[in-house]
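One chain, chain A, links the two complexes that follow: it is found with chain B in the first and with chain C in the second.
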Partner chain A sequence: MTNLIPPGLILVLCALLIPCTRGYLRSLLLLGLPIFVLFLIWQVPDGTSLTIAFLEYSLQPIHGSAVGRLFATVFAIMLFAGNLFALGQARTTELTAAAVYAGSAICITLAGDLLSVFVFWEIMAIASTAVLWSAGTAESYRASIRYLLVHLLGGVILMIGIAGHVNETGSLVFTAMQTDSLAHWMILVGFLINAAAPPLSAWLADAYPEASPSGSVFLSAFTTKTAVFVLLQGFPGAEILIYIGLFMVFYGIIYALMENDMRRILAYSIVNQVGFMVTGIGIGTTMALNGVAAHAFTHIIYKALLLMSAGSVLYMTGKRKCTDLGGLFRTMPVTTACGIIGALAISAFPLTSGFISKSMISQAAFDEHLATIWLLLAAASAGVFLHAGIKFPWFVFFQKDSGLRPADPPLNMRLAMILFAALCIGLGVYPEPLYAILPYEVDYVPYTVHHVVAQLQLLLFAGLAFFVLLPQMKRTLTISLDFDWFYRRAFPFIIENIFSVIGKVYHPIQQSFFVRLNRGLAFISQRNGGTSRLLSHTYPAGSMVMWVTVILAVYLFLSFITH
Partner chain B sequence: MESKQVHWLVRPATIRRLSITSLFVLALTVAADFFLPSYGHFGIDGTFGFYAWYGFITCALMVFVAKLLGLFIKRKDDYYHND
Partner chain C sequence: MLTHLPVLQVIVPLLAAPLCLLLTRSRLVWVFTLIVSGLAFVISGLLLQQVMATGTIIYELGGWDAPWGIEYRIDQLNALLLLIISGVSTVVLMAAHTSIRKEISPDRHSLFYILYLLSLAGMLGIVATADAFNVFVFLEISSLSAYALIALGKDRRALWASYQYLIMGTIGATFILIGIGLMYQMTGTLNMYDLSQRLPGVENTRTLFTAFSFFIVGVCLKLALFPLHLWLPNAYAYAPSIVTAFFAATATKVAIYLLIRFTFSIFGLSFSFTALPLQLLFVVLGLAGVFVASTSAIYQTNIKHLFAYSSIAQVGYMIIGFSVSTVTGLMATLLHMFNHALMKSALFLALGAVMYRFGSVKINDFHGLGRLMPYTMAAIVVGGISLIGVPLTVGFISKWYLLMALIEKGWWPVAVLILIGSLLAVVYVWRLVEVAYFKPPVAGNEAVKEAPLSFLIPIWLLVSANIYFGIDTRLSIQVAQAAAHSLFGVSP
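== the complex of A and B ==
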């Protein structure tokens, strides 16, 4: 079966059954389908197992590789936990779209050619827009249209790049590329737009926080991490990615520090975390690429956990601003504990999953003697604890007493959080199973005395900085302008006003031109009128045409007799 | 709000005890540098308590930058509401 239909496509097709089911059957489908697909993913052998002829090219929709399998695995796990979290609260549209979304992401991780990547890339864009839509609010609708426009633009750029690549090489095979031609740059840009790289990174923090509580959990996982996967496959060691990644890391931290909405804080921290991965891809050594793959795996889990905990708060209180929240630890112990575990994991605390994955990227910079990059990554690790590790749990669950006394969310939501919290700790304590499925052999020991002490110093003193500087971080009822200001404010403003400006400039010019023209014509006709009656008469155009015809006829006649 | 008793975690005594414990742990992590051989690879990372002071200073710097940038790009959160 796995050499006939890609596992991801089975998920996409079975997703269409979700609207046809009700009650227990639907729950069974939602939870069983990801497990079944996970099983199928592990049946896919290495190399191409299905080739389809298309025009004069060949498509390879099933192409197993270690790194693809790793991403597909975490996508399937993510869909399972996301569905568990969404049971009973998410709309049918959202659940169906999320399954199509996850299925097409899995298809990309197991695709061996660029055209298959592109097709599922576009399906992902549409399915994720539908996930956003299902929140059902006016804000989410508008955000989803902005989101879709950015992703369709990215898709067009990617398609141009792929067409150029095929034209140059005559092959659709998805292999590692160099940034040596315009076509490859276009492919890189198309990939980077989905990774929320600058300058178009604003789409992520604009759209994801507008989804439903479960919708933002689904959205956090697939688009950016599929982009990480294709960058990892397509452009390992492309130096420019180091600088783009570092920019994303600090962009995420600074914007999250300024932010008041808890889910936007987490959205900015996705950009931050993907920045670590993009930097690692740019470094490009086996240690770095292993680190990127491992970090994508652990990141999906703890980021989903953080968004589940934020989603639970939103679901139970209807509030999402830090200024409205606080003191929820009293009545939401499970949500608080799971939120803290997610926060510790994203900060790469020892004994959590972030510690055993992110440190490999820093180690790669260290091994390559990239001092500046290593120092920036260390600062960024401290900054992660600052903006997500402490800021999120502190302002949501502790801080002041907001007077809100919500209970923990329903059982299925708690179970989903507990599952992922257990995975965060489990992978942190026992990383071997994850290390075993990384693309390259792992030659790395995360738990050395020196590494643990260093990480504790870094994080705890970042924590100290947080509490010392707390008065500087007083929450304000604000948002921070980003690149989206250009397409939400500047461009519409210019387009709305451009015609009135054109009118204002054009009208006087037109007026004075006609005045001069009339004056000139009047002058000429006056002069002509004075010289000759016959020539200055006004004749109808018809008589003119008739005389021309007569002249031509005479000319024709004369040419005949001269022969 | 109905419960007259303040949650134990937010009582002043608990907060004081937590602060003292935290400062003790902070001191302990730095003190560990006395017993560890210096692994300085780039020079700067071999300095005493490198990760501690580096973490603190860079975080302070990031908070400062965010504050400064906020002066220019922060807007009321209903800025885009009539889109």
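== the complex of A and C ==
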């Protein structure tokens, strides 16, 4: 079976059954399907097991590889937990779209040719738009259209890159590429747009927070991580990725610190985390690539966990701003505990999954003697702890008493959170199973005295900084960018200022881009406006004849003067 | 018998047309017309097979030697076009009996079929003949019957649209005639092959440049290249649905055939692309057509208008492929002619089904159509997806070849622009999908039923062809490749 039809495609096709089912049957389908697909993923052997002739090329829709299997596995696990979380509250459209979305992401991870990647890339864009859309609010609809436009644009660039690549090499096989030709640059740009790389990073934080509570859980996992996967396969060691990645790391931190909406904080933190991975791909050693794969795996789990806890809060209270929340730990103990575990994992606290994966990327930078990059990554780790590790749980669950007394969410939501919280701790304590499925042999021991002590030091100081600066952190919307806490880690002063300036200049540019986009959309939707009349005006025969005369005159003129 | 296939291809529908007058009952005429068209389809299939096997077929009418007699010359290019025209005509005709009952008054039914056959014969004739003046004669046969067919539309504006088409079409045909006349004046021959031999001798004369300019403008008017496209939207929108489905798939293709035939086989490549800066002109006009027409399509509320504008945009793609003037570029154009015929006939026939149930094809009629007419709407969605150029549909194949042609040539910006242009197609197709699946039906429409089988069968035949030829591309690509190679004079 697995050499006839790709496992992801089975998921996509079975997703279409979801609208036809009700009640227990649907729950069974939603929970059983990801497990079945996970089983199928592990049946796919290494190498190409299905070749289809198309035009003069051959497509390889099933092509097993260690790294592909790793991503496919975590996608299937993610869909399972996401479905569990969404049971009973998400709309049919959302559940169907999420399954199609996950299925096409899995197809990409197991595809051996660029055209298959492109096809599922586009299906993913449409399915994720549908996930966004099923939140059902006017704001989510507008956000989904903006989101779709950015992704379709990315698809266009990718498509041309692929066509150029085929023209140069005559083959569609998806192998590692160099940034040596226009076509390859376009492929890289197409991939990077999905990874939320600059200058179009804003699509992510613009769209994800508008999804439904479960929708944002699904969205956080697939698009950016598929982009990480294709970058890992296509451009390992491309130096420019180091700088793009670092930019994303700090971009994410800066905006997350300024943000007040809890899910937007987490959205910026996705950019930040993907930035770590992109940097790792840019470093490109086996240690770095292992680290990227491992980090993608653990990141999907803890980020989903964080978004689930934020989603639970939103679901139970209907509020999403940090300034409206606080003190929820009294009545939402499970959500609080799971949120804290997620926050510790994202901060790479020892004994959590983040610790065993993120440190591999830093270690790779260290091994390659990339001192500046290593320092920047270390500084960024402290920044992550500030914005996601402390800020999110502190303002949502502790801080002042907001007077809200919501209960913990329904059982299925709690179970989903507990499952992922357990995975976060489990992988942190016992990382060997994850290390065993990494693409290259692992020669890394996370729990050395030096690693643990250094990480704890870093987190301790960052934590201290947070509480020292608490009065300023509270005015979240007007906070000025002050990077005092980085001094302690000997972070060059000048760089902070550069980033703060970039932040100040960059943000309005991005804002104005989206404002324009919105205006453009509003303009198009006014179908009775002036444009409409201009474009569909019925012309009298006379004016048509005039055009003919003009064209004839021009043609005659041109043919006479050129000779 | 087999040796006479080239002439039978044209003569059968031409002679069958007046016979319709004898069969007065509508259903009888329909069956007769369908058989005649089917026959033409079989003939074109046989011709294609023969051409692919043995090469160009030359048929001398009445046994008179060319250049004194008229000859028909069937090579891969003609054969492909003949197949497209007769094939689409046959499938579309299957729904004709049902469709025209609602759109044309019964006393005009035989008239409709007569005109239809004449128009079919005219188009087949244009493609089959190897005589430049014969081209004009058949052009007039097909055009005059087309004007009358469009005027049969039940909307009163049909008459006016037909009148405008008449004016513009006549100007176009006259320009083509002037071009042919000037060529005749310079060379004293009308046979295409003969012309191609003698024209190089008079290459650097103003008369020939003038002939070329007149011809190009005339043919661009016929193929609705921006900005000479203004006659098309109304003509397509107000014509009877069957007529729209037939013309949208074939009429502009025939004009593009003429463009390719005259520039490649008669004037010759080097003359055609140096007499005028044709490459630049056509790329610019083609792109302008893609963008202006696609944007216009987004604003239309009459869905027939919407897809008519989209046809203009698609012509833009074909012209861009032509202007690349490489084998791949020409292949892209030929493939898109074949593929676009499949998409647009499927789409307009599905609109015919909507017209049959609602009496109009306004965007309001599409509210909730996904539930009211699930099979028709699904066909429109697949057709639309094909129009956008999604893989596994025919639309992707031609877009891919166009993209490859542009990249081979190094025209990256054009490649980017045509793909952005196809995003506009996403927008106008999405508008339909959105109202059809996410809006409830407009009050009063809730009881509308699915279209009858006589519609659904031909619609889904065409839709399946859209998918089949998107996956199994042997036929279309082989023929297009052979045609492109022979036009460029290279052996494959």
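Here is the rule we use: the second predicted complex is superposed on the first by the 474 of 563 C-alpha atoms of A that agree within 3 Å, B and C clash if a C-alpha of one lies under 4 Å from a C-alpha of the other, contacts with A are read in each partner's own complex, and residues count from 1 in each chain.
The rule is simple: a residue touches a chain if its C-beta (ideal position, glycine included) is under 8 Å from a C-beta of that chain, and two chains touch if they have at least 3 such contacts.
Worth saying up front: this structure is predicted, and the values here are computed from it rather than measured.
*Asks:* So in the superposed three-chain picture, is A:His563 touching just chain B, just chain C, both, or none of them (first/second/both/neither)?
*Replies:* In the superposition, A:His563 contacts chain C only.
*Asks:* Could you figure out whether chain B or chain C reaches more residues of chain A?
*Replies:* Between chain B and chain C, B touches the greater number of residues in chain A.
*Asks:* Quick one: is A:Phe466 in contact with chain B, with chain C, with both, or with neither? Answer first, second, both or neither.
*Replies:* In the superposed model, A:Phe466 contacts chain B only, not chain C.
*Asks:* Quick one: is A:Trp374 in contact with chain B, with chain C, with both, or with neither? Answer first, second, both or neither.
*Replies:* After superposition on chain A, A:Trp374 lies in contact with chain B alone.
*Asks:* Touching A:Leu552 in the superposition: chain B (first), chain C (second), both, neither?
*Replies:* second
*Asks:* A:Ala163 in the overlay: touching chain B, chain C, both, or neither? Say first, second, both or neither.
*Replies:* second
*Asks:* Which partner does A:Arg142 contact after superposing on A: first (chain B), second (chain C), both, neither?
*Replies:* A:Arg142: touches chain B, not chain C.
*Asks:* Output check: A:Leu456 vs chain B and chain C. Expected answer is one of first, second, both, neither. What do you get?
*Replies:* After superposing on A, A:Leu456 lies in contact with chain B but is clear of chain C.
*Asks:* Name the residues of chain A shared by its contacts with chain B and its contacts with chain C.
*Replies:* The answer is that chain A has no such residue.
*Asks:* Along chain A, where are the residues that touch chain C in the complex?
*Replies:* 54-55, 115, 118-119, 122, 152-153, 156-157, 159-160, 163-164, 166-167, 182-183, 524, 527, 531-532, 535-536, 538-539, 541, 543-545, 547-548, 551-552, 555-556, 558-560, 562-563
*Asks:* For a test of understanding, state which residues of chain C touch chain A in their complex under the given definition.
*Replies:* 163-164, 167-168, 171, 175, 204, 206, 209-210, 212-214, 216-217, 220-221, 227-228, 230-231, 233-234, 274-277, 281, 292, 295-296, 298-301, 305, 390-392, 397, 400, 403-404, 407-408, 412, 415-416, 419-420, 423, 426-427, 471, 473, 477
*Asks:* Once bound in the complex, which stretches of chain B touch chain A?
*Replies:* Touch list, chain B to chain A: 1, 7, 9-10, 22, 25-26, 29-30, 32-33, 36, 39, 41-42, 44, 49-56, 58-60, 62-67, 69-70, 73-77, 79-80, 83.
*Asks:* What part of chain A is in contact with chain B in the complex they form?
*Replies:* 142, 250, 253-254, 257-258, 260-261, 321, 327, 329-330, 366, 369, 371, 374-375, 378-379, 382-383, 386-387, 401, 403, 405, 449-450, 453-466, 468-469, 472-473, 476-482, 488
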